[in-house]
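Below are two complexes that have chain A in common, paired first with chain B and then with chain C.
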Partner chain A sequence: MKGFATLLWLEYRRSRVWAAALLGSLAFWAWGLEQVTYAMPEEQLGIRAGFLCAAAITGLVALAFMIGRFRSETRQGQYQILLLTPPSGYFHILARFTFALTIGLAYAVAIAGLLWWATGRAGLHLTSLDTAQLLLVCPLYGVGIVMAPLLAWTLLLMVLSSAYRISGTAWIPGTVMVAATPFVLRFLGERLGDVLYRLPGWRLFTGLDAALARIGIERSSEATHAGIVLPQEPLWGMLALATVMLVLAGRIWQEVEA
Partner chain B sequence: MLARLDRVTKRYGRTEGLRELSVEFPAGEVVGVLGLNGSGKTTLLKLLGGLLLPTAGHVTVFNGTPRGNRARSVYLGETDALYSWMTPAEAKRFMAGLYRDFRPERYEELLDAMEVPRRKTKTMSRGERGRLRLAMALAREARLYLLDEPLAGIDLLSREKILGSLVREWRPDATILLSTHEVAEAEGLFERVLLLRGGTLALDTRAETLRESGKSVVTAFREVLG
Partner chain C sequence: MTQVFLIVVRVLVLCLLAYWVFRLWGGTRSWTSRATSALCIAVLAWQVVAGRF
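The block that comes next holds the complex of A and B.
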């Protein structure tokens, strides 16, 4: 446990500038949201939501870069020091993943907070329960289905590339993984689509319809129930995929030569 | 036996780093691992440290695999590889958190003895970083120390401090394998000398035997590898 805590500390020490910059960038996005004043309230909400989508994507890319900085470590030799330490590769991978995911979760909660602020500015006032779901459940769900697999994928790719460095063929697994990603995503999308809503979904934002109606927005007539129902299957599927990729990355770390 | 290589071959693509090398290391020796560039010194130490896996043959450390015994051996590589943001205090936290045999008090004593400044490594000279790395390594109470070129690129005074620390810190139950090109400076340390040539063992002898025959390690180095 002490070893894992030390690896987490090392991650913090290595990446704290990145993490601070990422969390600090939220001030820029908040400032950007504040500048949207020239349209109707519902249009403002749409523009601000788009703005926050851009913030979320930027954060994801920044986190992927943060977690995947193996190249400089390999070149400068710190990777060798890490390989010599007693904790197994699984712990090294898990520490990197845990730190990045924690920063990612904090970032996602902040984005949700900005969305809550933007909805308030548009006159859309959510109930306490809906607000809690927006600030806690939505970030957790988003982190689970997008951020966790993306970060695990990045770790696997970088460890794989580092493992094959000596033979000079790092580009082969790297290229195969990058090239195969769109096909894998399409395959996963189709499979998840087949099983969607087999398990009972999670109903969120049950007060949303009333809140929308108060500002003159009617939901689609096709909506058969109040609020939004989030399917469970993508979450479990993506978490399982992330776990498999983390285990693989840890296993490869064990075999790396330096 | 602390460590053993049994007919070990290590290939890097078409190049052979070591060729069918068999050698044993009992406890309580200071062994000079010497040879010209490319003779296989680093490969030998990395195999014992678990950083490389043999292409053929077996490497045994503490009756197990080198990787399984990482916590019990110390490998100090020739790469100047500390994080640039790291201070000696942070290095202590890193080592104390990961190695049970790390002795913080001893580390502080070593820092003082080797006059390592307490600032970030990026503002240290190469010699200061080398001394810091050695302090990190020697502050562990391991039984096998694999020191690959700890004197490389380091000024004379720093080299003297490092060699002085090696003499002071050596324990009778520990074995040190020291690879260096500074043969003349380090030869007083060696109890046993391995001379490698082209990945094979050219000479394995006691330093005392050389001295009794009126030879220094440097002379033997020149005779065998010259």
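The block that comes next holds the complex of A and C.
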């Protein structure tokens, strides 16, 4: 565990500028949200939600770049040194993933906080429970189904490419993995769609209907349940996929090290 | 004519994938890398042969 803590510290030293820039960019997004003043409150909420979607996508891309900086490390000789260090490849991969995921989770919670602020500005006042779900459950769910698999995929892609660097064919595994990913995702999406809601879903925002009614928005008559029901299966499926990719990346690191 | 063209394109892509399998198999000594690359190429080959685009 001491080795893992050292690797986490090393990851912090390597990526702290990226992390600070990413978290600091939230000030820019908050400033952008504040500038939306020229429309009806409901429209403002829509525009601000669009801003926050852009912030989320930007954060995902930045984190993927942050975790996948193997090429510059190889050029500077850091990667070769890391391969020779005593901790196993699994710890190296886990430390990188843990650091990036922690930064990502903080970023996601901050974006949820900005969304909560935007809903308040639109007159949509959530209950304490709904606010807690917005600030904690939604970021965790989003990180679990999108961010964790994306970061694990990026790590696997870079480690796999690095395994072929000596032979000069690193671009081939990168190309085939990027090309094959959409088909694998479609296959997984179809399988997960088949089992959706087999497990009991998680009901969130039970006070949302009342809050919407207070500002004159009626929910569709087709909605049979109060609030929103999140399915469990995509979360478990994507977490399992992320785990498999991390194990593969760790194994490849071990074999390249050997 | 279009069918023939598509068949030729598919055969060419399969040849490229076969060449990549050969390069990837010999490009590393890591068996997990070989298996992961082979899996990705198998997905692509499956799409070329019987996939829905």
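Please note the rule applied: the second predicted complex is superposed on the first by the 256 of 258 C-alpha atoms of A that agree within 3 Å, B and C clash if a C-alpha of one lies under 4 Å from a C-alpha of the other, contacts with A are read in each partner's own complex, and residues count from 1 in each chain.
Definition applied: contacts are C-beta pairs under 8 Å (C-beta built on N, C-alpha and C of every residue); 3 or more make two chains touch, one makes a residue touch a chain.
None of the values given here were measured: they were computed from a predicted structure.
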Which of the two partners, first being chain B and second being chain C, lies in contact with A:61: first, second, both, or neither? neither
Who does A:213 touch here: chain B (first), chain C (second), both, or neither? neither
Does the superposition put A:53 against chain B (first), chain C (second), both, or neither? neither
Mind working out whether A:248 is in touch with chain B, chain C, both or neither, as first, second, both or neither? second
Applying the document's definition of touch, where does A:163 land relative to chain B and chain C: first, second, both, or neither? second
One more residue to check, A:180. First (chain B), second (chain C), both or neither? second
Quick one: is A:14 in contact with chain B, with chain C, with both, or with neither? Answer first, second, both or neither. first
Given the touch rule stated above, what does A:3 touch, chain B (first), chain C (second), both, or neither? first
Footprint overlap on chain A, where chain B in one structure and chain C in the other make contact: 166-168, 255
Going by the contact rule set out above, which residues of chain C touch chain A in the complex? 17, 20, 23-24, 26-33, 36-37, 39-41, 43-44, 46-47, 51
Which chain A residues qualify as touching chain C in the complex? 156, 160, 163-164, 166-169, 172-173, 176-177, 179-180, 183-184, 248, 251-252, 255-256
Considering the complex alone, what residue numbers of chain B touch chain A? 12-13, 46, 49-53, 67, 70-71, 75, 77, 79-83, 85-86, 90, 93-94, 97-99
Note: in the complex, chain A contacts chain B through residues 2-3, 5-7, 9-10, 13-14, 76-78, 80-81, 83-87, 166-168, 254-255, 257-258
